[in-house]
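Just below is one structure, and these are the notes that go with it.
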Amino acid sequence: MLLRREAQAFRLPMAGPDDASGLVALVEDGALDPALIVAILGKTEGNGCVNDFSRGYAVSALRAALGRWLDAAALDRIAMVMSGGTEGALSPHMLVLAARPAPPNAAPGPALALGRCVTRDLAPYEIGRPAQIALAAEGVRAAMADAGVDEPETVHFAQVKVPLLSAAQIAAGGTAAADTLKSMGLSRGAAALGVGVALGEIDEADAMAAAVGAAPLWSARASCSAGVELKGMEVVVLGMSPAWAGPLRIDHAVMADGLDTDPVRAALRRLGARFDGQLPPHEAARVRAVLAKAEAPRSGAVRGWRHTMLDDSDISATRHARAFAAGALAAQIGHAALFVSGGAEHQGPDGGGPCAILYDASDKDSQ
Amino acid sequence: MLLRREAQAFRLPMAGPDDASGLVALVEDGALDPALIVAILGKTEGNGCVNDFSRGYAVSALRAALGRWLDAAALDRIAMVMSGGTEGALSPHMLVLAARPAPPNAAPGPALALGRCVTRDLAPYEIGRPAQIALAAEGVRAAMADAGVDEPETVHFAQVKVPLLSAAQIAAGGTAAADTLKSMGLSRGAAALGVGVALGEIDEADAMAAAVGAAPLWSARASCSAGVELKGMEVVVLGMSPAWAGPLRIDHAVMADGLDTDPVRAALRRLGARFDGQLPPHEAARVRAVLAKAEAPRSGAVRGWRHTMLDDSDISATRHARAFAAGALAAQIGHAALFVSGGAEHQGPDGGGPCAILYDASDKDSQ
Amino acid sequence: MLLRREAQAFRLPMAGPDDASGLVALVEDGALDPALIVAILGKTEGNGCVNDFSRGYAVSALRAALGRWLDAAALDRIAMVMSGGTEGALSPHMLVLAARPAPPNAAPGPALALGRCVTRDLAPYEIGRPAQIALAAEGVRAAMADAGVDEPETVHFAQVKVPLLSAAQIAAGGTAAADTLKSMGLSRGAAALGVGVALGEIDEADAMAAAVGAAPLWSARASCSAGVELKGMEVVVLGMSPAWAGPLRIDHAVMADGLDTDPVRAALRRLGARFDGQLPPHEAARVRAVLAKAEAPRSGAVRGWRHTMLDDSDISATRHARAFAAGALAAQIGHAALFVSGGAEHQGPDGGGPCAILYDASDKDSQ
Amino acid sequence: MLLRREAQAFRLPMAGPDDASGLVALVEDGALDPALIVAILGKTEGNGCVNDFSRGYAVSALRAALGRWLDAAALDRIAMVMSGGTEGALSPHMLVLAARPAPPNAAPGPALALGRCVTRDLAPYEIGRPAQIALAAEGVRAAMADAGVDEPETVHFAQVKVPLLSAAQIAAGGTAAADTLKSMGLSRGAAALGVGVALGEIDEADAMAAAVGAAPLWSARASCSAGVELKGMEVVVLGMSPAWAGPLRIDHAVMADGLDTDPVRAALRRLGARFDGQLPPHEAARVRAVLAKAEAPRSGAVRGWRHTMLDDSDISATRHARAFAAGALAAQIGHAALFVSGGAEHQGPDGGGPCAILYDASDKDSQ
């Protein structure tokens, strides 16, 4: 008989970018075997843009902390995806995802399935171009294989951490972007197109021919964030699979804009949640993670009313968009320890973005 | 027989701080008699902090535009309350409030009632101190008298625009604050205490003895914003009165924090709105204005999760808080043309704030 | 005999963007005839980027103030060039330039000569493209004619205020820039190329074929700034002419980078100044204006040391560059009431910019 | 015979906060014995304010890099003083100071002498109060003893890295500051008063009775910077001593404001430099380090002209001040790899600050 796996998800507060104490405590308490960690997704408190060192600092601290139990090769296998920017009341935290052999009494599946892949490094000239699209698609397929998920439609979330160009690389010439901030968008966009291709949402030929960042193509399940601290791409795929067991479930919604929470309400109800307005505490406790993308509509308006995010030279539009969507989602969920990430190029429609929810259906399985 | 009055409320988009074209069009179209304007509340697209000139620019443009019809004395009687900061998707707009003789067929009251008062100028040494508290209370009472509202409990919103200290005034000594940003908070806080006194929410002796900005006293109906462009205080009071007629109603909620929208849902339902998640378009169209305050909790946490708003040296906490609460409210209302104003010292509990809603109950009156 | 003209230059502090009181006082005191004003150059305290309303606010206040004496047509003839951004210790101030008939006893020329031109409006699709280059060149030639300056080499400074694209115009398509901040750079760059063409520094065919913002072509005497408040271009030319009289002189230097003040020292000495380190007070008093451009080198380094201006997502590179060059120039001149303007595309070499100095040689003429 | 010591100073570029590669190369090349490092002063590219993690990240990277050769106790003995904020063209770099036994042929002293001390941790309630003043004075005396410098007047620079309060500590009550940014200023100020006491510049009783941050007392040789990454104070003292040998010299100037470079010119000439305007390259090469403080004058003006640094709610005044003073100093020295640190409370006069220069007098000793 095939050994089933069970996904574990831990949401841990961070007192600073270098705070790995919660993770260490989990391991020391025996709640988590560090060798089974698949991915760590973190919201860190930098600006989420070019000069955000909180991401690299967090990765550095996580590696140092886990280095007590894992060697460098094992550390390299963990996808560490730090997304900068805790605007509004967003709370710095990490989501630790692990896969363990399912205990005999585990609730039967289908259940949350996890897979990962770290791609080769990208050359500066590849960033934001078809080579990155193809590599991202390849990475998603590899992560699906790692998860044992065969059907693209059962993937609900594909997180890709991508590199960006430095000013020095741009100055050296031949790159797709003329400034570093722009390169973040192109890199996220190319990766999202790759996700869409791998998940059957976007035609491969269309993606390869697309103007990255401008073409009206998008994935409803891609979430890409850029960071200065890596050169390849880190892919984590979350889906539902009968080969996995346990109480965790995942579903997703597409928000048409930052305030479009009705699809999120529908997804919560599909997952089994019951509520009128905000989730009551016992339902909020079941929501193990909310993973969403936010961005400012290029149209310059939200629901017909002009916004000023793209004209603000003091605060990056990505920061405005995260704070706003965070408020919308927090009002639904009941707190702001949410993984809301900015820059949603080709990730959902213009101005909107995907939102995936991890839900613990423990008591409800037997209902 | 006593002549009844009817309140009018117009929400107009602004293409920039100096855009008074919507207001001019209203007058030229005959929809609004400029002589009947009581107040203009605007959200303008500056930083909402010390060096936000979008507020003064807007007032200057409004006065120039209305100067075609009104003389200086008439202009001075209009309370022009510009609140800077359109973070997130908040949309620059103005809310024009007018009071006209009720037409004979106007729906019977009680209905929305309006009153206003412009106080004397404050001396620099009075700002943030008991003298300002007393003057604000006096201003609220005068505005209530102007509205014909006798009962404090029927007041649902008291907007006070307050001055702040300049660096030069601070350098001259004797002021309550040592920097300009701090002076904004003290000035808002003193005015809010004055509102609380006038509305019977705060004991007068307690208010006068309170450490402004620190004491745990608050009004559930005060909304104060600070601007460099005035020296006195401008008070606008909104309440319900049987002496007023027409379809407009007002109610208010107190949000315990920026994501606390369940009280807002309850207020909407009290006003007659029917909805499950977000307001459907026909209900959203009835909401003529949402007037809310937002601020970052001094505790450093929201619902037990650490926030970073007060530790961010790049973006003022008031900007974070507005963007976040705007997202929460917009997700409920259905758009972001909301008057969300920052800095809620003594305006609602720490980290939260009042939220007033103007609602057009036209069709529902006969139900 | 030909009537000689004499240039007047007044440097006036501004207490805020809307402070025209210094100008009003000059007129009321009889020191300035408002009908003779050629141009007003102002440094206002906004961010100098897209959403800087301090510029439009200042122009609005200046027009209102001068409206006591001048009609709309006369106001339109005054080039009002507000440059936003008073980073570091830069002081908000205005430079009022006027041309009066030279009194009989005026010191003989050659002396400072002034000319101006306001071009037709630019269509959105023209901004940053050859049409703008050609129109700017035409505007400079018209301003030279207005000044009575025939020889391009006697022009020491050509200030051009240019429009930028709004988010709405970009969304409508067909524009050279994909975002508003980018459009500011392209618009400044195209105007600078036009100045270079008119002054014989850049070959016309090269300019028309150039990639605006990227080609290694530059003018040593162009200074361009962008503002949301105009649609055409306002050109002011400053040069030396034998047809003008009086004590004012102008010369210019090219700074290779923001700290390259030795050429400025040389220009000061050419103008007659005597000093070792910083200008002593009696020499500083002779310097009536310093007009300089500053920008961050695209190479990513200054004198071989990496700078971080282009990687900073919190503060625009133009703001960093202005603050830094302001420090360098202020240390030479002795104060920071300097017109340092950011964004020096095609205005001096990459990372550097022109610097013009107005100097009162009164006592020295007879030496 | 007494063994003489020789100070070594290395200025190394940093490609990012975590870049210790230059230091590693120095050690691997045999140019530096890591066991002899006294202090590492770094300029890192964060905002230099509360949420600047570039400082802690740099310290973490330095400790990891040096951990190849030094144990934790040895690492703890190195004062690592990271000052955030590379505004303008300031270049991220580190200054490594080491003390080695003087080789027999070393140039005779007096020469640069180094000493250090790490104090005990401060309790939150001590920060910004007399306890911190006394502890800082004690730390300076201990560092002087470590350097073998007995005479306070031969100390030219005392760098103190100080802790700040977190939002959580402030919320817990009993602290001197009500917000984190304010706590940075009080902590720097208290340490500077302590330096002044130890160096005989400030009367001890006056310091203890002083309103920290407001009293008109200052040290001409203190430089204090605050960081979230430490709880005690790290003191490094630089002076001239006959017990030290080698070519390095130190002198200092006091700048009355950010553009006051004439005293710096005088100090350079005292050290032996010859120049007219900017230092020529062969003189710039001798300047091994420039250590300066910058701040915005609380008076609101520089040389009688209003500045806007204290009224800017988008950019912290410390960032403005660093960028501006950096420009002034870079224009004198010839590059911007300068240790300009913000927040000069009690470090030099209001709006000004000390500036120390390390100079290599190698060839000139024999002149």
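When the chains are written out, they are named A, B, C and D in that same order, and each has its own residue count from 1.
Simple rule for what comes next: a residue touches a chain if its C-beta (ideal position, glycine included) is under 8 Å from a C-beta of that chain, and two chains touch if they have at least 3 such contacts.
Chains and their UniProt names: A, B, C, D = Cyanuric acid amidohydrolase.
Since we're looking at a predicted model, the values are computed, not measured.
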Farthest chain (mean CA position) relative to chain C (Cyanuric acid amidohydrolase): A
Repeat of the A-C interface, chosen from A-D, B-D or A-B (over half of contact pairs identical by residue number): B-D
Whole-Å separation of chain centres (CA-atom averages), chain C (Cyanuric acid amidohydrolase) against chain D (Cyanuric acid amidohydrolase): 38
Chain centre separation in whole Å, for chain D (Cyanuric acid amidohydrolase) relative to chain B (Cyanuric acid amidohydrolase) (CA means): 47
Chain B (Cyanuric acid amidohydrolase): positions in contact with at least two other chains: 45, 47, 51, 308, 311-312, 314
Of all residues in chain B (Cyanuric acid amidohydrolase), those that touch chain D (Cyanuric acid amidohydrolase) in their complex: 47, 49-52, 166-168, 171, 179-181, 298-300, 308, 310-314, 316
Touching residues on chain A (Cyanuric acid amidohydrolase), where the partner in the complex is chain B (Cyanuric acid amidohydrolase): 13, 15, 45, 47, 86-93, 257-262, 265, 276-278, 296, 302-309, 311-312, 314-315, 319-321, 323-332, 334-337
Touching residues (chain side chain B (Cyanuric acid amidohydrolase), partner chain C (Cyanuric acid amidohydrolase)) in the complex: 16-18, 45-46, 51, 53-54, 56-57, 60-61, 64, 228, 314
